[in-house]
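So, here's a batch of structures to check.
In the two assemblies presented below, subunit A is common to both, partnered first by subunit B and then by subunit C.
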Partner chain A sequence: MDFNDQIESSGDEEEITAEAVLKTLYNAWQNERLSPEILPHCNEMVECMLGQIQHMERNINKLPKTDLRASIHKMELSRIKYIICNYLRARLCKIEKHCIPIINEERQRIESGTNYLTPSEYKYAQEYLLNMEGHFKSVVLDKVPGNMQTFEMNKMAIYPNLQSHVFLKANETVNGVVLDLPGEQDEEIDLEEGSQHILLYKPVADLVKSGKVQLI
Partner chain B sequence: MFGEKVIELIKEAERNPDTMDPFNDEKLRQILEEMQLLFKMNMNDANATSENRSLWTTVQVRHAALERNKRCLLAYLYSRMNKIKTLRWEFGSVLPPDIRELLSDEEYQWFSKYSTNLATYMRSLGQDIGYSGIDLTENLKPPKSLFIEVLCVVDYGKLELEDGDVIMLKKNSRHFLPTSECQTLIRQGVLKQIT
Partner chain C sequence: MDPYEIEFIGENRLVSVIPNFTYDKIYLICGEFGPFRAGLPMNVPLWLAVMLKQKQKCRIVPPDWMDIDALETIKEAEKTSRFFTKMPNEHYMVEAKLILGAAAEDIPRAGEIKTIIKDIWDIRMSKLRTSMDTLMKSGGSYGRLDHLTMMEINSVKPLLPSAMDDLLRIQSMAKKTIQPSLNTSSFSQSGSSQNI
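Let's turn to the complex of A and B:
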């Protein structure tokens, strides 16, 4: 019934415990909820966890209903499910809100093979934008005078605010992070392992994506 | 003054950020009319004064009003779209009739498209590992306990639980049910949480 004994049965090429997967997922969830822009997806982790949940559920069903272990494990599972759902939902909300810039950037990222969205998320984003455009057209744009009927993508786009402040904790020591503060001189700071900071999101965006710092 | 009606429309959308108002068809029509009128006046003046520049300022002011109207109309639609999205997450793909009435036909179409798109996405989740998708709308709140006590508000009929038990949901009956299975019914107003 333990997380650790199940991982052997899934037989991954890479040795990784379910606990580690959950930890990664948890961090990804936290980052996703706190960062202003969309982050690279971690679909493998989600799928791995889903597989584990399925496995656990089967095991739980073998136990008698009144077994205390069953209810404790069920509670644990519903917590994990909540994390997954909330994580995916947080991503969807961002995709919907910033869908124009995200699609544009994603197109380039797909070419270079560093896509942030999963294929189904990308499809969702495109379909969403298409529906939105269709709705605007049928209600307003088709009925306004001729020279204003265009759907102006660049005017409709909502960009994430990369200049917002975030709380973060350094997972490892990072030296020489350059803060280009607007209207001030560039400043360089070192992030020590385990230290906590409040910084603008933009200078640390890459560190968040590479997992060197954790948003809190 | 140009653009006054559109401001009323925006204010209307802003006034009740959490509730849905009926779609203001009439106002939309008036604004569109105003825009057509402005456009015609502009065309006339622009054609008449290709040499005489004295009317250019007027034309420009009208054009600004047109742009503003367009922008505000789209903002109105967009803010309603956001509210409709919340409805999808709260009620699922079928809207209660009293809420359905608040949407215009086009909005309802958009709602169905949004709903289908979301459903397609949710079905695709975990497909690679043989999952048949996850319903993201099921786990909106962090789980506090496995079972909750609920009061049934309407005569709903039979409900089959995941483990195969069938229970009768009658008006004013109390039940002790798994949280995961009654979330949707609570949101639909069939059950009420009493603990």
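Let's turn to the complex of A and C:
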């Protein structure tokens, strides 16, 4: 009984339920996996869920090993940990791949206070770039003639392809999404709530970030 | 995404089970379930149902739609309709696979049900391939896919979006190569007129 009470009270302290946080994490994970560019972080949700997991793990340890509840809870925690790990890994993958444009854009976003990366992700990105630069210097650039030794950051940058197609489902009705297609006049479409579409990522990028549509 | 990840998402759906043990409510992060009463049906997430089934602690109640007659009706509707019909369940393939895999003995006429679901899947997939073909041939870069389930969408993900990306790239390249040639001709004209 003690076990259940503790979990309930820990849930009451939060303004949103753990269930809602989990749901948000699922959506964020799916979006992050399917969008070509990096999305705004949801660190608060991750931290909150990690706290819940720790709390839960302490309680599980109090239960006897053979208890059915313990194995159910463990299974659930493993599932949630998988989501979180996979989500963070997907972000790191993008940070490594699009390192240079992400750092450049992030600098401006930090000034306006709308940063997409968490402070530790930003630090990781900067260190990754430094290491990469150092590596290229020591392996190649230091050994070639002096006039070729500069590390040309802009030529190294890999940009995410925003002109790629994605599948999405509208969470709410959005009218008049403009598809800017090459060679044709702009076409406008309406996304009704619950409808599913395949279209270019660029015109809907903001809708993904604001949660009005969900990538599927 | 990997089909296993779609399955993972589908595993969060609720199914009805009849436990063979009695237990208090259990407070999971994804919600509270229970109390478990031996012999009384209750809802749990699919992953938990499969887990309990594997421990032989419950029977899984077949979902309403997992019924020969209902499925036959869906199959007929799917055959006659030009469009995709709405499936009874957003993750019908995942549920069918997991439930029939873990608890085939709990489902009456499991073998036949498996065949019908596979038929429905095949009809829908061939429809999907035809519409993809039409979409690509019309050079479209937008499509509406109502009533397609996640697993079905995922199965065309390695092909359709990248094909559309390539098509778009070709279209914009074509546009770019036409324009500069027009520009250069107008340039040379204006250049020559200045010289004179």
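Of note:
Criterion: the second predicted complex is superposed on the first by the 202 of 216 C-alpha atoms of A that agree within 3 Å, B and C clash if a C-alpha of one lies under 4 Å from a C-alpha of the other, contacts with A are read in each partner's own complex, and residues count from 1 in each chain.
Keep this in mind: a contact is a pair of C-beta atoms (placed from the backbone, for glycine too) under 8 Å apart; a residue touches a chain by one contact, two chains touch by 3 or more.
Keep in mind that what you see is a predicted model, and the values were worked out from it rather than measured.
Partners subunit B and subunit C fit side by side in the overlay (superposition on subunit A). When both complexes are overlaid on chain A, the residue A:F136 reaches subunit B alone and has no touch with subunit C. Once chain A of one complex is fitted onto chain A of the other, the partner contacts of A:M153 are absent, as it touches neither subunit B nor subunit C. In the superposed model, A:M75 makes contact with both subunit B and subunit C. Of the two partner chains placed by superposition, only subunit C is touched by A:A18; subunit B is not.
The superposition places the C-alpha centres of subunit B and subunit C at an angle of 100 degrees about the C-alpha centre of subunit A, rounded in steps of 10.
Legend: residue contacts after superposition of the two complexes on their common chain; A:R89 is shown touching subunit B, with no touch to subunit C.
Using the contact criterion defined above for the overlaid structures, shared-chain residue A:H197 touches subunit C, although it does not reach subunit B. Once chain A of one complex is fitted onto chain A of the other, the partner contacts of A:Y26 are limited to subunit C, with no touch recorded for subunit B. In the superposition on chain A, A:L162 makes contact with neither subunit B nor subunit C. Once you line the two complexes up on chain A, you'll see the smallest CA to CA distance from subunit B to subunit C is 8 Å.
Under the contact criterion defined above, the residues of subunit A that touch both subunit B in one complex and subunit C in the other are 71, 75, 79, 82.
Across the complex, subunit C is touched by residues 1, 4, 7-8, 11, 18-19, 22, 26, 30, 33-34, 49, 52, 56, 68-69, 71-73, 75-77, 79-80, 82, 161, 163-167, 179, 181-183, 187, 189, 195-200, 216 of subunit A.
Residues of subunit B touching subunit A in their complex: 28, 32, 35-36, 38-39, 66-67, 69-71, 73-74, 77, 81, 85, 104, 106-107, 109-110, 113-114, 117-118, 120-121, 124-126, 128-129, 131, 134, 136, 138-143, 145-146, 163, 179-180.
Subunit A contributes residues 46-47, 50-51, 54, 65, 71, 74-75, 78-79, 81-82, 84-86, 88-89, 92, 96, 120-121, 123-124, 127-128, 131-132, 134-136, 138-140, 143-148, 155-156 to its touches with subunit B in the complex. Interface residues of subunit C facing subunit A in the complex, by the touch rule stated above, are 1, 5, 8-9, 12, 21, 23-31, 47-48, 51, 55, 57, 141-148, 150, 153, 157, 160-162, 164-165, 168-169, 171-172, 174-175.
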